[in-house]
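Multiple structures are listed underneath, in structure tokens.
Two complexes are shown next, each including subunit A; its partner changes from subunit B in the first to subunit C in the second.
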Partner chain A sequence: MIQALETTQLGKRYGKDWALRDCSLQLPIGRVAGLVGPNGAGKTTLLHLAVGLLEPSAGRVLVFGEAPHSVLPRVGFVAQDRPLYRAFRVMDMLMLGQKLNPTWDMELAKERLAHLNIPLNRPTGKLSGGQQAQVALVMALAKRPELLILDEPIANLDPLARYEFQQTLMDAVAQDGLTVLFSSHLIADLDRVCDYLIILSASQVQLAGDIEPLLSTHKRLIGPRDREASLARTHTILQARSSERQSNLLVRTHGAVLDPSWEVQEASLEDIILAYLALPAGDSFSARYQQIQEVAR
Partner chain B sequence: MIWVTWRQHRLEALIAGILLTIVVVFLLVTGASMISMYQSSGLASCSPDQAVCGHLEGTFINHFNVSVNFITVMLSTLPLLVGMFIGAPLVARELEQRTHRLVWTQSISRARWLGTKLLLLSGVTLVAFVGLTFLTMWWSSPWNAVITPWATYDVRGIVLPAYALFALALGIAAGILARRSVAAIGITIVLFLLVRVAITFWLRPYFLPPLTFISSFEQPGAPHRSDWTIKVETIDRNGQPLSDSQVSQICPQLIGNGSAAAFTAFQTCEKNHGFQSRSTYQPADRFWIFQAIESIIFLLLSLALLVPTTWLATRKIT
Partner chain C sequence: MESEKQAIEFYLDNRSGVSPYLQLVQQVKQALRLGFLKKGDQLPTMRMVVSRLAINPNTVFKAYRELEHDGLIESRPGQGTFVIRTLADASLASHDELRRSLLDWLREAEAAGLDEESVRALIASTLQQFQKREQIA
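Moving on to the complex of A and B:
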């Protein structure tokens, strides 16, 4: 099946340093995916590879089964800091979009900006940060993309602007059913919008999958400390905070937790992500996964 | 893409238009006044052996010297302005403001984006400077007749548009490499002046092997006024060049004494020692060959700058 985005052992190296390494992931069509990871984890590098701004040093990246630069008309991209030509009026930006994109939808662009009360004759440099972000998003949406890629789209916005941005994004998703991939280092951004999660840390993919099964397979367990070892035989302990007698664990479950001495609670998405991000850096996740099991034993 | 280029450069276009208008007005005014004085003073019908002509020429030169020099400087600076304000920021400003990530992720390829901009901007530059060069050809004609056609070599003919294209290419290349407009502008100024000076003073005199003419001091003949005299030196019997101090050591008659008698004594001394004057020069009929050679050098330099840097811009920059 063709994926919206598929990378195979993708790597990007600057000199001796790998900004992204051995990155294999699939983003199915129709998902709204959050790409999270600490600063410097390679999020921007991955997104730039996906829109053809960068060429891979290793592996390959496919967008709708093709090389990124040849599918640019089907991909909307908002770069970090939402760049716009500051001397251009908003209308000039829309004209630029129309001239450079065969699939440009001027009606849609004007309609959305009117809805947001953004004046078309104002230079973009004189708009507020939130309005600039909206113009950048509308530019990407008016291209009528099948895949929308956003690099930290709501970073440095105030809470209201952030909310409004997400609203525009969600409206567009609801109307057009487009695939979205956006990066963020704020996990709170993801809950409202995403149904798919990609975690990148130390230039490698830690996890890529639907959020729903992620929530259902990760649990917070509270119970007696002396039962930890037996629990670890069937389940994977990702994080443990233990007092002398009691353990508070974040666990990736494999089937139901049968031992009645454990109290099972829902884990929040933030807890799960933080647990993965806190795993020691170095080798690949699967190796680390083993290691955690060893330690648990 | 044409609209985008126009929208991004319309301010520069306006400023360039104003500057060009000023230059054109200046050329028209001084040109008309030079031609009218050249005709009315009788210079046009002068033959070189008439004594009065020397006087007329002197008056003419004194009268227009300042404005011709001023215009020459202005016309030599115009190409540099193209490189500084159109070439240097072309890619650098996009990189500075990160807008390259916006414009390079629309539906057209980077190569087309850069290619269209390059074609349009160099096209407009070419048209403007070819127009200018036609005007300076007319403007400089009396000056060339009085001094030498080589006097206005730098501001007319095909080299002027070639300088402008080179400045544009240099600016663009510097912008791609420096990634900052201000740094790129600085690099453009320094390199443009360096290359212009180097070619003018070190290469141009030797585009083709210069001719020499040896004359005794009594009857100076060639090179003619329309030739380009590169240097005149005194040589001894064996053809070895002598420095001024060597000459005045051997024939000290002129030192501290400018009288006619001293001059005659000096000439006699030189004659007795067999000294002669040797002129190194480029003949008048090489003017257009030189213009062609120099233009080709500047165009090749432009290509040498643009090919690797545009490759870099379309493939490597993020």
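Moving on to the complex of A and C:
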């Protein structure tokens, strides 16, 4: 099956340092994927490889089954820091977009900006950060892409602007069914927007897969510490914070927790991501997640 | 149409750890159980829910599909999604009585010196034990 994005042992090296290494992942068509990881993990490098701004040092990257540069008309990309010509009026940006993109949908662009109350005659440099982000997003959407790639689109936005940005994005997904891949180091409300998660850490993919099974198979357990060992026989403890008598665990469950001495709470996606990021990197990690996916199926 | 009052207004608790899709499902079931949603009521369109909550459309789709699968709602092409069954029928009548005995119990708990948090903790852990017994049985 053709994937929106597929990388195989993809790597990018600068001198002797690998910015991205052994990156193998698949992003199915129609998903909204969050690419998360600490700063410097290789997120931007991966995105730039996917849109053909960088050439791989190793491995390969395919977008809709083809080399990135040959599918560029089908891909929308918003680089970090909302790239707009600050002296251009919003309308000038739209005209530029129209000249550069054969598939440009001017009506869609104007309609969305009107809906957002963003004046077309104002220089983009005079817009608020949130409005600039929206203009950059609308520019990418007006190209009518099948895959939209965004690099840290909501970084440096206040919570309301972030929410409005996500509204525009989700609206577009609902309307056009496009595939989205966006990087973010904010992991607080990812599960509202994303249904797919890619975790990069230390230049490597730690995890790539659906979010739903992650949430349903991970629980927070609170109970007596002396029951920890017997619990570990059935379930996998990812993170343990224990006092002398009480344990607070983040657990990947295999079936129901039957021992009534444990209080079972839901774990937030944020908790789960942080727990996995704290695990030692490498194959064991991906293997563990693969098991989760299999269990979920 | 847009400004019309919806039969149900969804919300999301980002901190709950419950997946957004499950939250939507639970909110509909809760409203059906308590009689806030009735047979024939129209649910907001998926587009509307997506716009209001800035939520992934697949999530809304999945929630509606599950409710449809449970026989609670039905989507009619070109018209929208409607409630076709309620969960309140049998149990709603006994709510008053149960509420009264629960209030008696709460008064007892208060007299015994339990504060709200202790009450919640006791209820949660008892409910959990109760559910587990059912599972084992």
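Heads up, the rule we're going with is that the second predicted complex is superposed on the first by the 276 of 297 C-alpha atoms of A that agree within 3 Å, B and C clash if a C-alpha of one lies under 4 Å from a C-alpha of the other, contacts with A are read in each partner's own complex, and residues count from 1 in each chain.
In the analysis below, a contact is a pair of C-beta atoms (placed from the backbone, for glycine too) under 8 Å apart; a residue touches a chain by one contact, two chains touch by 3 or more.
The structure displayed is predicted, hence computed values, not measured ones.
Participant: Kindly classify A:A155 by the partners it touches after superposition: subunit B alone (first), subunit C alone (second), both, or neither?
Facilitator: neither
Participant: Who does A:D189 touch here: subunit B (first), subunit C (second), both, or neither?
Facilitator: In the superposed model, A:D189 contacts subunit C only, not subunit B.
Participant: Per the contact definition in the header, classify A:L100: touching subunit B only (first), subunit C only (second), both, or neither.
Facilitator: Once the two structures are laid over each other on A, A:L100 reaches subunit B alone.
Participant: Return first, second, both or neither, reflecting whether A:I29 touches subunit B, subunit C, both chains, or no partner chain.
Facilitator: Neither: A:I29 stays clear of subunit B and subunit C.
Participant: For A:D171 in the superposed arrangement: first (subunit B), second (subunit C), both or neither?
Facilitator: second
Participant: Identify the residues of subunit A that lie in both the subunit B contact region and the subunit C contact region.
Facilitator: Touching subunit B and subunit C on subunit A: no residues.
Participant: If we count contacts the way the header does, which residues on subunit B are in touch with subunit A in the complex?
Facilitator: Residues of subunit B touching subunit A: 1, 3-4, 7-8, 11, 97-99, 101-109, 315, 318.
Participant: Using the touch definition up top, name the residues of subunit C that touch subunit A in the complex.
Facilitator: 12, 14-21, 46-47, 50-51, 53-59, 124-125, 128-129, 132, 135-136
Participant: Which residues, counting only subunit A, touch subunit B once they are in their complex?
Facilitator: Touch residues, subunit A against subunit B: 48, 51-55, 69, 72-73, 75, 77, 79-81, 83-88, 92, 95-97, 99-103, 136, 139, 143.
Participant: Which residues of subunit A touch subunit C in the complex?
Facilitator: Those residues of subunit A that touch subunit C are 30-32, 163-164, 166-167, 169-171, 173-175, 188-189, 191-195, 211-212, 215-216, 220, 256, 258, 260, 263-269, 271.
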